[in-house]
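Should a chain be cited, it is by its letter among A, B and C, assigned in written order, with residues numbered from 1 in that chain.
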Amino acid sequence: MKSYRKQLWFDIKKRRELINITPQVDQCLAESGVQEGLLLCNAMHITASVFINDDESGLHQDYEKWLEKLAPEKPHSQYKHNGMEDNADAHLKRTVMGREVVVAITQGRLDFGPWEQIFYGEFDGNRKKRVLVKIIGE
Amino acid sequence: MKSYRKQLWFDIKKRRELINITPQVDQCLAESGVQEGLLLCNAMHITASVFINDDESGLHQDYEKWLEKLAPEKPHSQYKHNGMEDNADAHLKRTVMGREVVVAITQGRLDFGPWEQIFYGEFDGNRKKRVLVKIIGE
Amino acid sequence: MKSYRKQLWFDIKKRRELINITPQVDQCLAESGVQEGLLLCNAMHITASVFINDDESGLHQDYEKWLEKLAPEKPHSQYKHNGMEDNADAHLKRTVMGREVVVAITQGRLDFGPWEQIFYGEFDGNRKKRVLVKIIGE
């Protein structure tokens, strides 16, 4: 069994942003040499997300509006977590969007449907944060 | 290490439906011959879901109502994604329900609790769509 | 390839609670002897969750309030599932929080970011329930 590990670093210069990281994950898979296996890609921070959806700017605006409806950032005082922090909403938004994705590897490729793309979802930016890529297989 | 891959095809004749696919996934596992390992089952489309919950019709009606409350389909014009499409709500509903499940394989069986069943969640039907089953192990 | 399996049992004496199970999962990993691989940790019941977030009591109070807003327990009669049961809300809350986590194993450790902790989320307690830990790797 082969295994591979890489951290991807991000330093998003605003509070919230969605970034297509499929090219970086593809690069990891190429480096691993794994032909058949599973790839785990997860946020290493609990106010960020890794998820799979569509790379369409209208949808990304819909996500922003929708997440603000489900788990509004302000007023910060509505959350108990925000005594010392102001990012409780980011923990909740990440919960909706998910921590991780697991992707099949088949014949050395990410085994994706026609529109699947992997995104890093930042919900509390303005600092360096990491995503983990772990691959096991043969 | 063994690996196995199969696509399951669906062509749901309405916009939304939940279908118990546990028998098809069990069949995949039997075909794979894997005794100990992990099974990934994911929607290959970004307006559909694979999730684990209860096969109880009342609950499925509750899901329909609840998802319509969290991410209503109409009016279509409320979503930026719906310039050329009408399925933004399906992307959001799938986000709530999840893309994938990972299931343990133990002694050649899906290692499930008493009521766990795997469902395909269609949120934008009336066309052919796929689910991927990938198994690795020994 | 090595594989390891263990069930963790819980008997929470109230309807809802979040419990940090990272020490038990660490113990499983130590017992497995796996150095490089993947660890699956999932609720075996469909009214409970396993998720990764912050071990901070204010945030846990925020989760309680937020989940009650998204999927209120009462009135029980608002849910079709509650003909014979009273736990439809628990199925929905678990859907938001997720069934499972998959964690990378690197050099014999859970490959975590600085604040990641694994929680069991009970949403319909007062009975014995289980979490599954399955590890594969080398």
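As a working rule, contacts are C-beta pairs under 8 Å (C-beta built on N, C-alpha and C of every residue); 3 or more make two chains touch, one makes a residue touch a chain.
Since the model is a prediction, treat every value here as computed from it, not as a measurement.
**Student:** Same residues or different residues where chain A meets chain C? The copies count as same if more than half of the interface numbers are shared.
**Tutor:** Different: when the shared numbers are divided by all numbers used, the fraction is under half.
**Student:** Would you mind reporting the rotation angle for the C-alpha fit of chain A onto chain B, rounded to the nearest 5 degrees?
**Tutor:** When the C-alpha atoms are superposed, chain A turns by 120 degrees onto chain B.
**Student:** Whole-Å distance, chain A centre to chain C centre, using C-alpha means?
**Tutor:** 20
**Student:** Of all the residues in chain B, which ones touch at least 2 other chains?
**Tutor:** Residues 1, 38, 70, 96, 98, 102, 136.
**Student:** Show which residues of chain A lie in contact with chain C when the two form their complex.
**Tutor:** So the residues of chain A in touch with chain C come to 1, 3, 5, 38, 40, 42-46, 70-71, 79-83, 88, 91-92, 94-96, 98-100, 102, 130, 132, 134, 136.
**Student:** Help me check something: in the complex, which residues belonging to chain A touch chain B?
**Tutor:** 1, 36-38, 51-54, 56-59, 61-63, 66, 70, 96-98, 101-104, 106, 111-116, 136-138
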